[in-house]
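When the chains are written out, they are named A, B, C and D in that same order, and each has its own residue count from 1.
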Amino acid sequence: MQTQIESQGEKETGRLEAFSDGVFAIAITLLVLELKVPSMPLAGATSASLAKALFQLWPSYLALVTSFFTVLIMWMHHHAILRNVHRTDSRLHFSNGCLLLLITFVPYPTSVLAAYLQTPAAKMAAAFYAGSFVLVAISFSIFIYGAFRPHLLSKNASAKFILKPRTAATAWDPLSIFSPHLLPLSTRDCPWASAPCYGFIGRR
Amino acid sequence: MQTQIESQGEKETGRLEAFSDGVFAIAITLLVLELKVPSMPLAGATSASLAKALFQLWPSYLALVTSFFTVLIMWMHHHAILRNVHRTDSRLHFSNGCLLLLITFVPYPTSVLAAYLQTPAAKMAAAFYAGSFVLVAISFSIFIYGAFRPHLLSKNASAKFILKPRTAATAWDPLSIFSPHLLPLSTRDCPWASAPCYGFIGRR
Amino acid sequence: MQTQIESQGEKETGRLEAFSDGVFAIAITLLVLELKVPSMPLAGATSASLAKALFQLWPSYLALVTSFFTVLIMWMHHHAILRNVHRTDSRLHFSNGCLLLLITFVPYPTSVLAAYLQTPAAKMAAAFYAGSFVLVAISFSIFIYGAFRPHLLSKNASAKFILKPRTAATAWDPLSIFSPHLLPLSTRDCPWASAPCYGFIGRR
Amino acid sequence: MQTQIESQGEKETGRLEAFSDGVFAIAITLLVLELKVPSMPLAGATSASLAKALFQLWPSYLALVTSFFTVLIMWMHHHAILRNVHRTDSRLHFSNGCLLLLITFVPYPTSVLAAYLQTPAAKMAAAFYAGSFVLVAISFSIFIYGAFRPHLLSKNASAKFILKPRTAATAWDPLSIFSPHLLPLSTRDCPWASAPCYGFIGRR
């Protein structure tokens, strides 16, 4: 009986993961839709003018790459956390839902930033972009607290793993992907502190 | 022999779930495409005008959030129901197909509502939005009746679980996500009654 | 050793199914993007004019529903076929790839049909739509022949199942979803004959 | 204990595969969004003019098919490689992430190529398209080197399989799909050499 409940719990988390994977994967791929083919009078288009037009889209490429890796890192942590969670309840579902809502929202501030990065409104666009990621970070923290409750965790999750988020509050940023400490969840995993990083873009 | 049939049945439901998860996840993520980057003369754009333009999009944000959580709750119930179903037949496939058709349709009334919420046509836009969810609710009910037939259910499904939808006909609405009773299917699970909730928006 | 190879083969088909499910699910959901919010001067919009505009989109709704169920039925058959296939080879991968290419293409002729159904060019639009589904049907047949080779099939697949496609050549059409014989593969499963059905739309 | 670690490793790769499958499937399906319904005065549209307009879109169809099969082949190899990988680490996650970033980018150069293939800027558009696939090829090679490290591989992976990428450096191109040697990874699997193939398009 215990075994059956255990395996049902595993199946349930499995579908939560599959659904979340789908949302992450789609949100990350929709980012490309913000890139618009440069429009110019087709007859007068030359290789030089097209090259120039493609080059002038650099704010879009930059915003795409930044958002892509931010969402990807979020997914990696989501994945690392759920590996240790074997049961779900409505609180976990709801906090995961809020996180997914904000993840699906990411392509929008990315487009706004790309559109206005070279205008006088750049400051506002960057603030909107940074603000969106602050919301993502807050909802990710709520998700972490929702997931790390003993009765949801797998028996294999170590006490160390469970304690971590209680003490984690610093220095998470996209650059940490280059660090070898990324995937094993460390005290640098809490995304709270990523806001200044994005805010920095706004200070240009 | 019995074992092999059992496991084949499980596999079949598995792919139905995977496909449905995909459709739910994509429909929920496509909602963001309704958000358009505010267009203004780029040279004259200021932080203040961009902030104002982003703020004026509040009907879009509202429609996005409402549709997101409605679809998400639908997915949660879909998930809870299929956990107890181990076999499929053409009726279940067909009723699930109708439900998915209406789920994929959701981004469209959402866009219409967002576009017209601040015009004299708001009433019609809200009626169209509410009407779409009435159709979703009807097809969800048909799906529930299609799924809750004894020969499709897992042997582990309790008699209580099977009896529920026969007596369920009230008061399901998006707000129920805040309730601790959400995930264990209760008599409040039938989405029939959500229509008035959406209709309410139309009465503004 | 045999067991290990067997289970590797199962895993391989599993990922082919997952990828195909993804493509089917996305193609079916992208259909909604063809629906455009009616554009009218926002200040002058009234409930009556919006209702009229939404109603005039009926060719889009019709095209959406037709394409949705056609792709859905295709997916159901794809699913029923792959349940009996446990190994893959490059021919199966390639014929599946061609089928997926045409499935991803479906939203385009659907949009064309919806845009031109009420113009003098309706005949051409319908022919383009029908022609696309003829290509889908041809590639589905190639896929069936690619899948139904003894060394790829599960040992549990009955001889009757294997023989079927050799004799199947008639009368497959979207309406067959209403038939109780749909899911167990029958001699009516070959989509070759669906072309006339779509061609009929072109004769209006 | 060893068994538990082994099976956790397998699960981890499973979700990496699922996420990658999602991204590949979405990127490949978004290609269709580049196809625009021909716009012409609806009242004056005739079957002949629509047929002509649809025919003149051939660069789009060509670009769609080329990109589709290139991404599909990439996915097949990704799939064949990960079948032999049972553990993940941050380097594999990161190199997979870079590959996925470039895969999601593919619809954009495809649109640019389709838009400018018949203008004087064709050379630049083709160079942009070819250049994007050079980047994809580079990141695919990095991914291969990231995956083929002994401590990540399954015990069932043969020594021959492990050695291959060290000696592979030639002649991979989309046409190889017609070859019977495609799926078993061969020395022709390294995508480095595909660049000339795409570059060739630029020389028209």
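Keep in mind that, in the parts below, a contact is a pair of C-beta atoms (placed from the backbone, for glycine too) under 8 Å apart; a residue touches a chain by one contact, two chains touch by 3 or more.
Computed from a predicted model, the values in this text were never measured in an experiment.
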{"item": "Far-end chain from chain B, centres as C-alpha averages", "value": "D"}
{"item": "Copies chain D and chain A - interface residue numbers shared by over half, same or different", "value": "different"}
{"item": "Separation of mean Cα positions, chain D and chain B [Å, integer]", "value": "33"}
{"item": "Length of the line joining the C-alpha centres of chain B and chain C, rounded to whole Å", "value": "24"}
{"item": "Two or more partner chains touched - positions in chain D", "value": "18, 22, 26, 30, 33"}
{"item": "Residue ranges of chain B touching chain C (in the complex, touch as defined)", "value": "4, 8, 11-12, 15, 18-19, 22-23, 26-27, 30, 33, 88-90, 93-94, 97, 100-101, 104-105, 107-108, 111-112, 115-116, 118-121, 123-125, 127-128"}
{"item": "Complex contact set, residues of chain C against chain B", "value": "17-18, 21-22, 24-26, 28-33, 35, 37-38, 42-43, 45-51, 54, 64-65, 68-69, 72, 75-76, 79, 83, 156, 177-180, 182-183"}
